[in-house]
């Protein structure tokens, strides 16, 4: 029963990891861009939420109303001001610029908030749980998992049933020809990044509620998100959810064996899948 | 003489260090169909890419309805009424046939061309409207590419080698549909390697040879000899 | 008809190479004219210059952008401590052994992560480094999560007296830098090296010439891994203490190295050398600013990547067409009116 409990907790944890990964997956699908600062932007969202909750006295879930559009705007601006200049065939510029951004964000957060671990207080809901048989399911993890499913379903719907989704897919297929249709590439990329960071904001707030965070926490989140994307397969959002779940379960099972093995277990599962199914489980596009 | 719709004066186009067009000048008047012929590598596609904005130029070298467009982005030029059927079709593989057509109308320009009208022109596309565009035959894909360009209700349509890689019977089919497209007074620049097709469908013809205009004349009076000389540069 | 020659040398490169000899002799004599703190600093510079040159070979020439080289730095440190303290091996013998072990470990790592491309490859290297870190944190005989110190007997066994040991540490660092830079120059002048540059410039064309891309990249990755492991040994020999966080620090062994190469100039030999000197000049003058210094570094790297992507040396090289290490071939004997 203990093991079943661990697996279920792992699945729910996977929802959080899928949220980490969804933004990463989205911009890779549309722009073939991998944002090394992604994890730090998740942490930045958590800090933003912290500031909003402290300044306005709102709960973190309510703060989402400000943080999500706020991060969306930051994403759009970041893409149009800086990252659009790195887009091209050479992979070094976007990688190194986002790496530089990562260092800047981490250290700016360090200056602004110090290295002390922080927490987002959501109140009673953090410890509330629902009993299913003999297993207690935390309400918060359920909400996070549910949100992940809703977000991914929403993104899929957007991609295949809206004009902007069509524009994203067309730009991803052939940038040049998409311009001939009257689509402003710079704007489309900006929108994609804005959307990615809006999802990231959700991930950051949920992270902050679940555990404590500090300026250096971004690297681990980037790695978890990346592992979820690779395990699930590139270009497939539902695959990313599956990847997140697999990673989450690997980690909780590893923690069951020995708490110090949690993260290492996730890495080992990731490497194993990389070895036997290099394109991931449900790939749609090639890296 | 009314002002030309499209006027190109002294266009020099480069790909990095390589110069592809040297001092190219031409004009297209409203309602005309102008053919541009030339051997492989002569610069025909470069010319169309320059007009459509995919290749940026000095602002003054290309004028569309009197305004210089050389420095504009391709999406801005598309918004001003110039559409292109690119060489090789270049459909969006992630989009269905219908989505490819619909996205052609993205810029929202008003005009006679609607989805219904494109389906009337190319009925076979209606049957396959929800299929992946990559599952169509070459000729059908060409129809989608043409339809996609028409959906933006352009004032000028650029067609780059629409017969490339297609069987002769398909080529004939597509060219038979052409009067239905340009008949309403749509202005067109048609790039072709097939000289007889190009001449049969156009009023005037330009020939490019190694990046330069080697011939400019009336399609019905240009002699085979002159064209051969201009084409091959002999 | 004039005779045309293909040559690598230019007047500047020949002059520079001739100058290098007295400079090298002066550097070897450093323990006699440099103070203790300066000698330590110079050792640090030499080691960073080696790391930067190696990262540049990997990323700038082989197109393998790794943000996980700290895996080998830490590996080198831990291997050196383990071989000397746990296996009782002489420290001078431990160095080449560790280097060999680094190569042996780098090979399967390469096979695994070469399945990833581009930026995903980069993050994959980071994951590997994390695996190394988490694994070594489990080894209690090397101090587990809090690390351990190099025992005094090992240190004393390397040379007599404190100044003797500091001279040895310097010579090892200098020797490593000369070895690394020399190896990289010789490699790039070789057929493999030209193949590498061809791959970097146009992979498809290179493949059609029969160049085995995977194999070339694999060899470069393993050799760089081995040499980085060696540098790692020397770094922690200097520090005398190791812990998982210090050994596998992304900041110290990757961020700084990347900034050095970006600022100096990717894809040139002189770039990492220039970059290291600039980096340390900045560090010595801005040392007190701590976190702000890192932010400034990040900003400078971004600006350079956007405005002058070939770095300081790249800028000068393009402008004035200069090269110190004779790598490119030039044709001499052309007259001005064409050949």
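Order of writing sets the chain letters: A, B and C. Residues in each chain are counted from 1.
Methods note: a residue touches a chain if its C-beta (ideal position, glycine included) is under 8 Å from a C-beta of that chain, and two chains touch if they have at least 3 such contacts.
In this text, all values refer to a predicted model and were calculated from it rather than measured experimentally.
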item: Central chain of the complex, centres being mean CA coordinates; value: A
item: From chain A, the most remote chain by mean C-alpha position; value: B
item: Chain A-chain B separation of Cα centroids, rounded to whole Å; value: 43
item: Separation of chain A from chain C, taking each centre as the mean of its C-alpha atoms, in whole Å; value: 33
item: Separation of mean Cα positions, chain C and chain B [Å, integer]; value: 53
item: Complex contacts: residues of chain A adjacent to chain C; value: 33-34, 36, 82, 85-86, 91-97, 99-104, 107-108, 110-111, 219, 222-223, 226-227, 230, 260, 263-264, 267-268, 270-271, 274-275, 278, 287
item: In the complex, chain B residues that touch chain A; value: 52-54, 73-76, 78-79, 83-84, 86, 90, 92-95, 99, 102-104, 106-108, 148, 152
item: Chain A to chain B touching residues, read off their complex; value: 163, 166-167, 169-170, 172-174, 176-185
item: Of all residues in chain C, those that touch chain A in their complex; value: 59, 65, 67, 112-113, 115-120, 122-124, 126-127, 130-131, 134-135, 137-138, 250-251, 255, 258-259, 262, 266, 291-292, 294-295, 297-299, 301-302, 305-306, 309
